[in-house]
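Below are structures written as structure tokens.
Common to both upcoming complexes is chain A, partnered first by chain B, then by chain C.
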Partner chain A sequence: MDQILFNIGLLIEYPMVNLKIVIDGVMIGALFALAAYGLALVWGVMNVKNLAQGDFVIAGGYTSWFLVKTGWLQSIGISSNIVALIGVPVAFGVMAAIGWVIYKLIITRVIERDLFTSLLATFGLAIMMAQIMNLLFGSDTQSLKLDYETLYFADGLIDVPIAKLIGVCMAAGLALAVILFMKNSRMGQAIRATSQDSRAARVMGIDTEKVYAFTFSLNAAICGAAGAIIVMVWLIQPFYGITYSVRAFVVVTAAGLGNLPGVIAAGLGIGAAEQYGGHIFGIGYQQAIAVTLLLIVLFFRLLQQRRKRQALN
Partner chain B sequence: MTKNTLLYAVLVAATVAAPFLFPSYTAFLATLWLFIIVALTWDMTGGQMGYNSLGNIFFYGTGMYTGAVIAIGLYFPVGEWTDASRSEVFSVTASQYYTGMIIGIPGAGLFCGLCAFIIGPLFFGLRGPYFAIGTLGLAIAAGEIVSNIEWLGGGQGISMPHSPLHPDFEKVLIYFLYAGLGVVLFGFLRWFYSTRFGAAINAIRDDEEKAEAMGIHTLRYKTITWAISAVFVGMAGAISAFQLIHFEPLETAYQTINLGIFMVVCVLLGGKGTLWGPVIGAVLFHVFKEVTWNYILGGQWVALGLLIVIIVVFFQDGLMGYLKHVRPGWFGIKVDTKGATS
Partner chain C sequence: MKIRDILLSVTAAAALGTSASAMECETITLGAAISLTGKYATNGVHAQNGYEFAITKIAENGGVQIGDKCYNFDVIYYDDESKGDRGATLAERLIQQDGVQYMLGPYSSGLTKAIAPITEKYGIPMVEAEGASRSLFNQGYKYLFAVLSTSEQYLASAITLAAERATAEGRDPSEVTVAIAVENDPFSLDIRAGVMEDAARYGMNVIIDEKLPRDLSDMTAILTKVKLVKPDVLIVSGHSKGAATAVRQIGEQRINVPMVAITHCEAADVTGNFGDFAENFLCSTQWAETLTYEDPIFGTAANYETEFKAAYPEYATKKVPYQTAQASAAVYVYADAFTRAGSLDKDAVRDAIAATDLATFYGQIKFSDAGNNIAKPMVLRQIQGGEYNVVAPSNFASHDLVWPRP
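Up next is the complex of A and B:
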């Protein structure tokens, strides 16, 4: 308790610390927002609540990590820093392929069933993916330690590694690309039409099965790219996946489906909230805070619905 | 009716005789009963009431910790007992151990029931997948928070008092505790599902809005059902605490992906919403797990994930659902062949 009070006192005494926490939180929050956007996409289009979302993120991270660690590209004279950046599109591609396979094997069979079926099937998938990654890469936490410089502001109180800045810029670029794709391309229009009314879309000649497969694959690819960015600066571990899934759920539940600005704001907000919580309660509570935020958001939404005499479903 | 009575008599006799006939399998059988208990209690909300919880393991872990805290706290300060750097050795006498057990196990059950009563109104506004995700979040959050509480031993967990019994007898005692709880639970559920209360929760599963319109106070029914299942899971958790001697929060107590998901798999394998389904599913799953686990070393959890996916995708009605489909007569369902169109 004294420790908590001391930490809060620190925040008040040095206002710059607040700024540092917010900057850190917003940076990681950008990646939460990416994963959450993928979840909202799948949720909205095919009404599948994907609990393996976080494991896609981690799998993407390991793809990029593996690319750097094997050193194939370094052997032809590309520096590790560049390889890590190449890892992002590679993870995007690899996870798109994995997502497509998963769709064809599992998801296509549970779309028409009740929601618990898809939830439990993706939970099984999440366990399976985490364990396969554990077998392949071991259970240690991994991170690519890139030798980018770190920028310092305000007498060294605020440190911003350039790698983080690059990561956030890539996340923003990816988000922008996906949004433009959804707005302008033929496939993007088909996806939006399917999410509005799949039956009507089918009547209008849209191959919804193809749209579903593409959406799921795109979701996995977005998550994979987010993971590849995460591994550049932050840590990944085979069993961190469930926390990322939970965060994606928090963001989507808080923002609601099809509310893109809301998803981004909630993603950044949960990043900052987690950093604040980690600072105040100690780093050991970070996972607990992510999950507790889920409960808080759920109950908050519940109260909103109750005022309208409806249940959250 | 006499046929059924005979069946139950044989089963009870087998339950009592099993640890003496197969002494080397006592621990296996004890775990089997644990699986049956958690599967039956999961089915109370999941199968009969339509609220699929992924976080019933919360009550298991809470029961474990409550049982331990009661058993230790009756005679010793818990904070000093769990202090990792303590130098003094606490010695527990036989009578202290048994008192702790006798008070700890029901105490854990009551505490878990109380927890369910308090959190029930919060969670039962959530429907369908939100309920599943919310309860999963509850279990994960509880594990993470408990592993940060120094008073409860933190991430190291708690060591239980040592049993005064010889380990072989201790195993038999644990087996009978589980088996007794399981038999009581089964008998209770057999009666419970035949009451008006059972009919009411089935009505909630079939259509909650209509049930409410019929005058069923749904929240009260849901909370009471969840609390009853929590009492039994909590007691099972407390027995596990005595069985395991040492346990820690994330991998043993709030083991979200082990037992927490096993109970769902057991029920789905056997058949949701039936009395015998969870029992049969638990037996099948446990035997399957014990037989195959050693041969697929390292890949067990991959196999588990695969098993969940396969069961959910291809075999969701479970064994009882399959039998109901193939042999409707066994379940008292009359198929009108004349009226059926091809």
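Up next is the complex of A and C:
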């Protein structure tokens, strides 16, 4: 208790720290939002709750890490920093392909089945992916250190590593591109139509099988890009997927399906809330804070729905 | 039963032989459940390589002499997938089905904790090299022996070092302030307990005491606090992810703490991955190749490193991890115990292990009644110019401590 009061005291004594916590939170939240965005797509369009979401993120991270470590691109004169940045679109592409293969091999067989079949299938997929990455890359934690400076503000109290800033900008750019794609492209429209009513979409001539395959592969690609950003600013390990899966589920459940901008807002909010909670209660409680927030949101939503039902009566 | 045991433990050694003398030796079969897949796979393989290297070296040196016969070791390995329940099942299988009478330890305190009750139940001696949690040694186990120092000693010497420096500067050690961030697992909590005990001994004030989550990838919340309250010593322990996160973010956030002490520097390859950011960090280690230990089988610590690298070229460009060295030391303890026991009887061997007082390339090995090694100190190294230099304990120190960190 003393520690908690002491921590709150620090926030009051140094008001700038609040700003720093929000900045850090938004940075980490942007990446949670990306993973959650992909999950919301798959969940909304295909009604598949993908438990391997976090493992796609980690696989994307390893794709970029591998690209940098092999040194192929460095050997033709490209600096490691740039290779790490190139790693983001590469991870996007590679994971899109892997996502497509996984869809054709596994997801297409469970998509029409009940909820538990798809949960079990993706749970199995998560275990397999983690073990395969473990065999391929070893169980050590990995990360890429980019030779970018750190920006300092407010007497060094606020620090913003440029690598992180680039990561957040890329995440924002990617989210924007996906939103525009969903709004304006024919495939985006087909995805939205399928998510509203797949049978009606089929009747209208939309090849829903193709839409499903595309959606799943887009999800894997978004996760892959998020992972490639994560490896630049934090670290990855074959068994870290679950962290991102849990966050993605919390964000999507809190924001509600079909509310894609809401998913991004919830992702940023959870990032900031976790940082605040981490500061006040200790970072051991960060994940607990995310889950507690989810419970609170669900509780209020339930209350709202009950009120609505009473009005209908 | 007897015939089966004899068949298993006294198999012809021709297939094993690496030298002329080895060809004539019989075989003693050891068993080990070890993490070859799963999250501990890297260190599990380090340990397995350490076992195998020691077996080869002992064979090259004429094997183990029991009476007028010589024996070589062979190990039955099973992959425990880094899971405790699997480890326990495999230990049962090794003992019940494979008839193993002597066990080598798995990797990690958690796995050792899972397997020790099984070996204890069957009265099978287990010499382990990778489980450091002190909670293993207050269970009253009679058949468990560990060659390594227990985990509460890992970073406690950093506190002594800080106290010495404070005294040298004319300050009272009780003025030194300490921040602790450790993972919430048995190993790291032991480290915290050791640091807390030593800090209390000097009357130091622990101003930050936090637990890191298992899936740590960001510790800015703690580091921001550290920046505000400016402790003299920062202790971080959270396996390799803790080391990597701490080194990276302390560098990025320019946290100017006079002393930062962490574990798992080599496992996280902090010098290779983070370069300058790792400068002047203190890293605890069970063993270093620069120490002046030696024995007749492996030679000096430096010789062990050289010969091991020759035998396992994949280690050529990196340091031989202490996990490997201590695994080799565990096999050496068996060799010594069998020789002194003069018998293959497991209880005689157990008693011989308990009476071990052996100088090895890994350090002195002598077990307490609880089974932990009480003769070997932990070593603290500081990263100076990208090199790991021993700075504590002072009788092994090859370099002076850089204090405060610039």
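The rule is simple: the second predicted complex is superposed on the first by the 281 of 313 C-alpha atoms of A that agree within 3 Å, B and C clash if a C-alpha of one lies under 4 Å from a C-alpha of the other, contacts with A are read in each partner's own complex, and residues count from 1 in each chain.
Assume a contact is a pair of C-beta atoms (placed from the backbone, for glycine too) under 8 Å apart; a residue touches a chain by one contact, two chains touch by 3 or more.
These numbers come from a predicted model, not from an experiment.
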item	value
Chain B versus chain C as contact partner of A:D140, first or second or both or neither	second
Which of chain B and chain C A:L10 touches, first, second, both or neither	second
Partner chain in contact with A:P238 - chain B first, chain C second, else both or neither	second
First (chain B), second (chain C), both or neither touched by A:I28	second
Which superposed partner A:L157 touches (first chain B, second chain C, both, neither)	second
Partner chain in contact with A:I132 - chain B first, chain C second, else both or neither	first
Which of chain B and chain C A:G284 touches, first, second, both or neither	both
Touched partner set for A:V110, first chain B, second chain C, both or neither	first
Chain B/chain C common contact set on chain A	131, 134-135, 242, 282, 284, 287
Complex contacts: residues of chain C adjacent to chain A	37-43, 82, 184, 209-213, 215-222, 224-225, 227-229, 240-241, 244-245, 248, 252-254, 267-269, 273-275, 277
Chain A residues touching chain B - in the complex, by the definition given at the top	49, 51, 106, 109-110, 113-117, 119-121, 123-132, 134-135, 242, 246, 249, 253, 282, 284-285, 287-288, 291-292, 294-295, 298-299, 302, 305-306, 311-313
Chain A to chain C touching residues, read off their complex	3, 7, 10, 13-14, 17, 20-21, 24, 28, 131, 134-135, 138-143, 145, 150, 152, 156-157, 159, 161, 230, 234-240, 242-243, 275, 278-279, 282-284, 286-287
Chain B residues touching chain A - in the complex, by the definition given at the top	52, 54, 122, 125-130, 132-134, 137-138, 140-141, 144-145, 147-148, 208, 256-257, 261, 264, 268, 298-299, 301-302, 304-309, 312-314, 316
